[in-house]
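Got a structure here, written out as C-alpha cells. Questions coming.
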Amino acid sequence: MSSQECLVKRFMQEMAYYILYAAKIISDNEIEKAMDMLLKNLADCKKILVVGAGRSGLAARAFAMRLMHLGFSVYVLGETITPAVGEDDIIVAISGSGSTKLVITAATAAKDVKSKIIAITSHPESPLAKLADHTIIIPGRTKLAYEKDYTVRQILGEHEPLAPLGTLFEVTLNVFLDSLVAELMQRLGETEQDLKKRHATIE
Amino acid sequence: MSSQECLVKRFMQEMAYYILYAAKIISDNEIEKAMDMLLKNLADCKKILVVGAGRSGLAARAFAMRLMHLGFSVYVLGETITPAVGEDDIIVAISGSGSTKLVITAATAAKDVKSKIIAITSHPESPLAKLADHTIIIPGRTKLAYEKDYTVRQILGEHEPLAPLGTLFEVTLNVFLDSLVAELMQRLGETEQDLKKRHATIE
Amino acid sequence: MSSQECLVKRFMQEMAYYILYAAKIISDNEIEKAMDMLLKNLADCKKILVVGAGRSGLAARAFAMRLMHLGFSVYVLGETITPAVGEDDIIVAISGSGSTKLVITAATAAKDVKSKIIAITSHPESPLAKLADHTIIIPGRTKLAYEKDYTVRQILGEHEPLAPLGTLFEVTLNVFLDSLVAELMQRLGETEQDLKKRHATIE
Amino acid sequence: MSSQECLVKRFMQEMAYYILYAAKIISDNEIEKAMDMLLKNLADCKKILVVGAGRSGLAARAFAMRLMHLGFSVYVLGETITPAVGEDDIIVAISGSGSTKLVITAATAAKDVKSKIIAITSHPESPLAKLADHTIIIPGRTKLAYEKDYTVRQILGEHEPLAPLGTLFEVTLNVFLDSLVAELMQRLGETEQDLKKRHATIE
C-alpha cells in the first residue's frame, strides 16, 4: 500500500476532528435561540428563505430540503419559486466571510420588510452578522481572506483556497445543519404527537 | 444549560465519529484507482460529468466546483451547459442506494458511448455498481431501504429517513469528496511544478 | 447594408408568422379545459407541479414564475423545494416529442397518486398524451424526430435540430404560456374584485 | 364557442404582431456588430458568459444551450460550472430595465478584467448600457417602471407587471435570440465547410 492513498483518509480524519472541535466551540445559546426562532416560525405558519452563494448555497439547499420534509414553508433564493417574504418570516443567510454581496443584498432587503435574519458565519464582526437578528458562529477560515463578492469572484475566477482550512467551514456547516435537522425532527416528533392528542380530544 | 441544546452537538459528534469509522472502512484500493482515473482524465484532456439526484446531487455539484478549480473539464448533468461525453470521458455517478433512476439512465447512456463510470454508492450489488467501471463504497444506510426512483419520490413526497442513519451517507460523502479534492490538489501541485520544470527545460 | 444582418430579422418574422399560424391551430376547447382545471386548482387550494427537460424545462419555469405571481401554489420538478403532490394536484408536463423520459416518469408517478396531468406536446399519439388527463397540442416539429430520452441526449450530445423548425415548438410554447397567463390574470382580476366585494359585505 | 377562450389566442396574435414590430425597430448595425463579436469570440477560442435574472435569466440559459450546440465555450453565471473570464471573453448581459443589480455587478467585474460586454436591454440610457461595449436595444416596457434590484424584488415579492406590456421584452428576447442562433448556425455552417475544404487541401 502506497502512502498516497492514506492521505484521503487522513484528510477525512482531520475533518472529523475539526467537527468535534467545532461541536465544542459553537455556542449552546446561539443554537438554542435559532431553534426557538425556527420552531416559532413553523408554529406561526411563517416562511423561511435560505440564502447562500457557491458551496454555502449548496449547503443551504440541502438544509432547505430537510426543512421542507419537516413541514416548514421554506424557499431558496435564486430558484424559480421564491415568494415574497415579510414581517416575521425568517431569512437563513449563510456566508463564511459574512461579506458575500448577494447574501448582504438579500439580508438588507429582508430587514426592510421586517423579516428576521439568522446569519451563519465565521465572523461575528462581519457586515452580515451586524445586519442579523441572530448569528450562529461556525468556526472556519481563521481570517477574513476574501472580502470580494461571490459574483465578482465567479467573474474573476478567484475562488476560495482549496486547502483544508478553506473547506472546513463548509464541512462543519453541513454537519451542523444536519444535526440541527435531527434535533428539530425529534422536537417536532413530540410536538406532532401532542398536536394529535389535543386534536383528538377537541373532536 | 438545558439538555436540549446539547443534542445538536451530540449529533455533530456522532456524525464525526461516523466519519472516522467510514475513513477506516473505505477501501484504499478503491480510492487509489479513482484517483488514477481522475488524474489520467485530466492529463488526457477528457471531460468529467457528475450525476446525482437530491442531496447527493448537491454533493456532486460541490465536488464539481472544486474539480473545476483544479483545472478539470467538469460538468453537471441537468444544468444548462452539459456537453456530449464520449469515449474515455468519466461519469461520476452518485447514489446511496445505487438505484436512482436518473443516475442509472445517465450511466447506461454513458456506457453506450464508452465513457468510464465511477460509481459512489453504499451498495456493491446495486444496479449502479454493476454498470460501473469502478465503484467506491461509502458506508451509509445499512439496507436498501428505498428502491424507488428519486423522481418518483419527489412526486410522491416520500423522502429519505430524516434519522441520522439516513443522513450518514451524505455527510460521509461530502467529507470524502472534499478529502479527495485535497489530495488531488496536493498531487497536482507536484505535477504542476514538474510540468513547469519540464517546460522550462524544453524552452 | 449587407443581406446577412437582415436574416436575423427575417427569422424573427418567420417565427412571428408561425405564432400567428399556431394561434389558429390550437384548439379553443383544449385551452378552455386547461383554464378551467387551473382555476379550479387555485380555488381548491391544490398544488401545481411543472415538469420539462432542456428548453421546454426553461419555458416551464418561466410559466411557473408567473403562476406564482398570480397566487398559485406552483413548484418546479428538480429544484430544491418540490413537495409531494397528491389527489387533484395538477402536473403540467411539457415535451414537444411527448416522449421525454424524465417527463414520462414524473407523469406516471403523478398518475399513481391521482394527480391530474395536463400535457403540452406536439404529438397527440405520444406516450405523454396517452398518460395525460388533458392534452394541449402545440404545433412544432412535424414528425417525431427524436424518440430518445433527454437525459440520454445530454449524455450523447445529440441535440434538437437547430433549424427554425426545431425551435418553433419552444417559441410557440413561450408565447402560448404567456398568453395563458395574461388571460388567467384577467379572469382572476375579476374574481379578486368579486372576492373583495363579497368580503366587504360580509364584514 | 365562448368569447373567453379566444382571448388566449388574441394575446398570442398581439405578441406575434409585437415581434413583427420589434423586427423592424431593432437596429441592423447592432445585430451585425454583435454577430461579429460572437463569431470572432468563437474563432479566437474565447469564452462567453451569459448573465440575467428571473425570466431574462431563463432566456439567457436557452440562448446558452444553443450556443453550446454551435460549439461556443459558453457558461451561465450562477450555475455550478462557471470558470473565470478574462480579456476578450464576452459577457452577454440581459436586463430589460438595464438596472438589475446582479447583472450590473457581473458586468462591472467583467469590465475590470477587460472582458467585452454585450448588453441586451430596452433602455439605451440605463447603467447596463453605459457599462457595455455594445448594446442591442430590444423594445419592451415603455418606461423604466422598475428601478429596484431583482434580488430585492424576490425578497419583497414585487414582481414585474403581468400585463402583456411587461411580458413583451421577454417574448421578443426569446425570438430574437433564437433568430440570432439560426443565423449563426447558417454562417458557421458555411465556415465549417470552408474549414473542412481548407483542411483537406492542406492535408
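Going by the order they are written in, the chains are A, B, C and D; count residues from 1 in each one.
Throughout what follows, a residue touches a chain if its C-beta (ideal position, glycine included) is under 8 Å from a C-beta of that chain, and two chains touch if they have at least 3 such contacts.
The structure presented is a predicted model; accordingly, all values stated were derived computationally and were not measured.
Mostly identical positions are employed by chain A and chain B in their mutual contact, as over half of the interface residue numbers are shared between these two copies.
Interface comparison, B-C against B-D: more C-beta pairs in contact at B-C.
Averaged C-alpha coordinates give centres for chain A and chain B that are 22 Å from one another. Spacing of chain B relative to chain C, judged by their CA centroids, is 34 angstrom. Averaging Cα coordinates per chain places chain B and chain D 34 Å apart.
Within chain A, the positions touching two or more other chains are listed as 61, 65, 83. Residues of chain C that touch chain D in their complex: 1-2, 4-9, 11-13, 15-17, 19-20, 22-24, 26, 28-29, 31-32, 35, 54-55, 58-59, 61-62, 65-66, 69-70, 159, 162-164, 167, 170-171, 174-176, 178-183, 185-187. Those residues of chain A that touch chain C in the complex are listed here as 61, 64-65, 68, 74-76, 79-81, 83. For chain D in complex with chain A, the residues that touch the partner chain are 49, 77-78, 82-86, 91, 101-102, 105-106, 109-110, 112-113, 115, 149, 151-152, 154-158.
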